[in-house]
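These are the structures, in structure tokens.
Shared between the two complexes below is chain A, which pairs with chain B and chain C, respectively.
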Partner chain A sequence: MKKRAFGKDLPGLIQQTWLLLKKDALVELRSKESIPLMIVFCIVSLVIFNFTFDLRTSNVTLLAPGILWVSFIFSGLLGLGRSFTRETERETLAGIRLAPVDPAAIYLSKMLACFFSVTILQLLLTFLMVVFFDVNLAKPFVAVALPLGSLGFAAIGTPFAAMTMNTRAREALLPVLLLPVLLPLVLAVVSSTALAMDNVEWNEISLWIHFLIGYDVLFLTISFLGFQIIVEE
Partner chain B sequence: MKDLTINSTPQKQYRPGTSLVITAIASTVALSVGFYMALIYAPEEALQGGAQRIFYLHVPALWVGALAFLVVFISSLGYLFSRNTIWDIIARSSAEMGVIFLTLGIVAGAIWARPIWGIWYSFDPRGTTTLVLWLTYVSYIMLRSIVGSGPRTSRLSAFLGIVGFINVPLVFMATRWWRTLHPAPTIVTSDSESGMPQEMFLAFLVCLGAFTIFYAFLMIYRVQLEQIVERVQTARSTLGLF
Partner chain C sequence: MDGTNLTAINLGKKFHQHQFVLRHLDLHVKPNQRVGIFGPNGAGKTTLLKLMTGLFRPTEGTIEIDGISPFSGAEGARIRSSLGFVSHQTYLYNEMTVLENLDLHGKLHGIKERRTRIITSLENVGMTDHMNRPVGQLSRGMQQRIALARSTLHEPELIVFDEPDTGLDDFAREKLQGFMQTGLSERTMIITTHNLELGMAVTDRWIILLNGVIAYDIDSVATTNEDFSYTYKQIMSSTP
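After this line comes the complex of A and B, so read on.
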């Protein structure tokens, strides 16, 4: 990588982000450890949900939005933790920082890498929901709510994963720190998915969609600005 | 504390200053008056009876809990902008106080809710927001204890202190809309605040003030203690004793 000034120039930022993103994609394609792990975990949790809720409700379909998002969040947390653990295990993050790369580019690349991998997870999860629970998720508003939820998760999850990367007990610490912050997002996506499945009008669901957009913009901004504080040496 | 201060540090700031003495006396007096007013002076509530008196503990404790987290938020911002460790000391001291007072408030609320509402806890907007606030700051303390001390911990916890505080109104909004859009069994709301007799309101105000002064006292005490700890650590590392 060419040596670049530690500046905030936009073309440089985009180029650095793109290179880091390519690096992450390449590492994932070669090691195949993060996304397969999330997918298998997700399938296992769906099977468990299918049995545990089956006993008390005759119609598991009613619980589908909750099952979808709980499986998604827990599987996503698994992948999120891996993304930075990999960097610290091989001490690559220090190398990237010395290159020198703008911390903003590290944030953007990690956030986008997380967003893409959870999107793959989510596409598969939606398919599995149809297979296992026989729900109809082919609704226009579901297609709006799902990416907004993934983006919010990636936006705020990335700095938290970076926070816990060098700590003891990081696997346990990440969900403990992140889940309270994710609660509004979870409520909004579960609500909007449920409403979308019920074929409601736009004016009924718009409140939640606007909330999700606001959440995403807010936490993208905070994380973008705050990431420098976290990776600072 | 006094002995340590005089022996190790001749500096003025480490003596139990007048602010500590004044707040100690003031909070002792205010809390005694507050409890007298809450238990004896205030009239018995017609419907709820004695259980209503928990209100004089419950609301002030939660108020101080919320105030403590406002202090964490402000001092986290202060730390990030100035990088002065005093802000970090204030933030971590206030987070501890906040967790203690919120725990007190939540437990008191649950004891009140059982006879009055018939349930221990209600996941209404206020209940949920309080619980999330509590969880956020318990995880804040956990982060600090796991990462250890040092500038990295201060930075990470400042970030968490800011994000956690910004998250609170979002939780409140989301839970409120959740209930309005998904009809759920409505909870009996207490009318005690609306038609409150003057004696009750006065007792409540005194308790609120007393808890706030008590928080101020604990904060001053805790911050001074942390400063001594920092000094001892610095002295040890300069002398090569670890």
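After this line comes the complex of A and C, so read on.
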């Protein structure tokens, strides 16, 4: 008897990414494990900042970008770690890898899931910053800096979360390993947010925006190409 | 269907700085052969199966299925689509229904007539009545049957079982054994289990793995169940 032609109609990279992204969204919608946790953490941290610092000064714009991004990074770390811990607990990622799935599709789906969830978080955070600290974040360059920062966070955070998912102290290890790598991103995004809030011209902020684009492209490329090694090890 | 063959040459695997779990392992499994791999905990059985299915990359040596490495890009992906793996871990998403889990698996394998195939697979394991229930609400035995349905959904030519009877009651174990004996004809099958009786009943070649090497390898026609059980016990009792 003739052998079957296996793998003839396998989905391509984009289709695989879309299927896995839909699966992640469905699992999150039903389990409600990551996004509500991130939102609660974010609100609590902003309340603490509000009571800890006297922010009702004329220089609130000096502190606001830092508060915004510190709250964002720590809340985002919670969601990032959870997305892989969930897969480790029942070894479901191994189940996906048993199918003929390109590891790059796993990376892209996880990265996009992280990007979308931190974008939701960021919208909420921006609103809360206005409520708690009365700062005006409705500036065009803020709208450029925030998504670039989120994308960079998701691009580099995803492989680090994957690397630490099988370690015993993963919850502690993820921030310890990731935060030093995120430092340039945090510096650039806080500076660009602060400048954007000051209504500066493009030539004053362009250096930071270009840096953010470069950071995002670099880490997206490295992670996309290197994710296979991470999931196999 | 025509089963697939598997060849491992000088296969070795170690994890980070630890010692080798498997070393210098040579194995050839012929098309349609049914191989039972037995051995104590830590013998390297699960590692060997994960190397076969492409979940682990070998530290040394090669593994090929129909002459193709499961790690060789598009060809590797094609060959991985001809494999099925049933483990004591079900690899199912608790939050998704049985149908959603199988549908995702079918889509990732590029199966066109998914609905029909899903229903047939569920019928084979007697689970059609539960297809709209979330996996997390099912018992361990039911989940294992869904895992079995998922692993056979794409009609693999090589199917690998890693202690599939773990946590199953006698009734579920009997159903599993029946399915292995009658529902998986004309396929190459490899199974690891601590249950010697089950393993011997569903396979025709028996291997004992010990400390990462093959300690014993015999066709079932060349021995009897009693002799093999005796040899197995002798080998097991000689290990510290």
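Rule of thumb we're sticking to: the second predicted complex is superposed on the first by the 214 of 233 C-alpha atoms of A that agree within 3 Å, B and C clash if a C-alpha of one lies under 4 Å from a C-alpha of the other, contacts with A are read in each partner's own complex, and residues count from 1 in each chain.
Methods note: a contact is a pair of C-beta atoms (placed from the backbone, for glycine too) under 8 Å apart; a residue touches a chain by one contact, two chains touch by 3 or more.
Keep in mind the model is a prediction, meaning the values are calculated, not measured.
Applying the stated contact rule after C-alpha superposition, one finds that A:232 touches each of chain B and chain C.
Touch criterion met: A:188 reaches chain B, while chain C stays clear of it. Shared-chain residue A:23: touches chain C; no touch with chain B. Judged by the touch definition given at the top, the superposed model places A:139 against neither chain B nor chain C. Shared-chain residue A:211: touches chain B; no touch with chain C. Contact with chain C, but none with chain B, is seen for A:99 once the two complexes are overlaid on the shared chain.
Looking at the shared chain after the overlay, A:10 reaches chain C, while chain B stays out of its contact range. Common to the chain B and chain C contact sets on chain A are residues 232.
By the touch rule above, chain B contacts chain A in their complex via residues 80, 132, 135-136, 139, 142-143, 146-147, 155-156, 158-160, 162-164, 166-167, 170-171, 173-175, 177-178, 181-182.
Across the complex, chain A meets chain B through its residues 156, 159, 163, 167-169, 173, 176-177, 179-181, 183-184, 187-188, 191, 195, 204, 207-208, 211, 215, 218-219, 222, 226, 229-230, 232. Those residues of chain C that touch chain A in the shared complex are 1-2, 4, 53-57, 77-83, 85, 87, 89-96, 100, 104-105, 107-112, 134, 155, 157, 186.
Listing the residues of chain A that touch chain C in their complex gives 1-4, 6-11, 16, 19, 23, 26-27, 30-31, 90-92, 94-102, 232-233.
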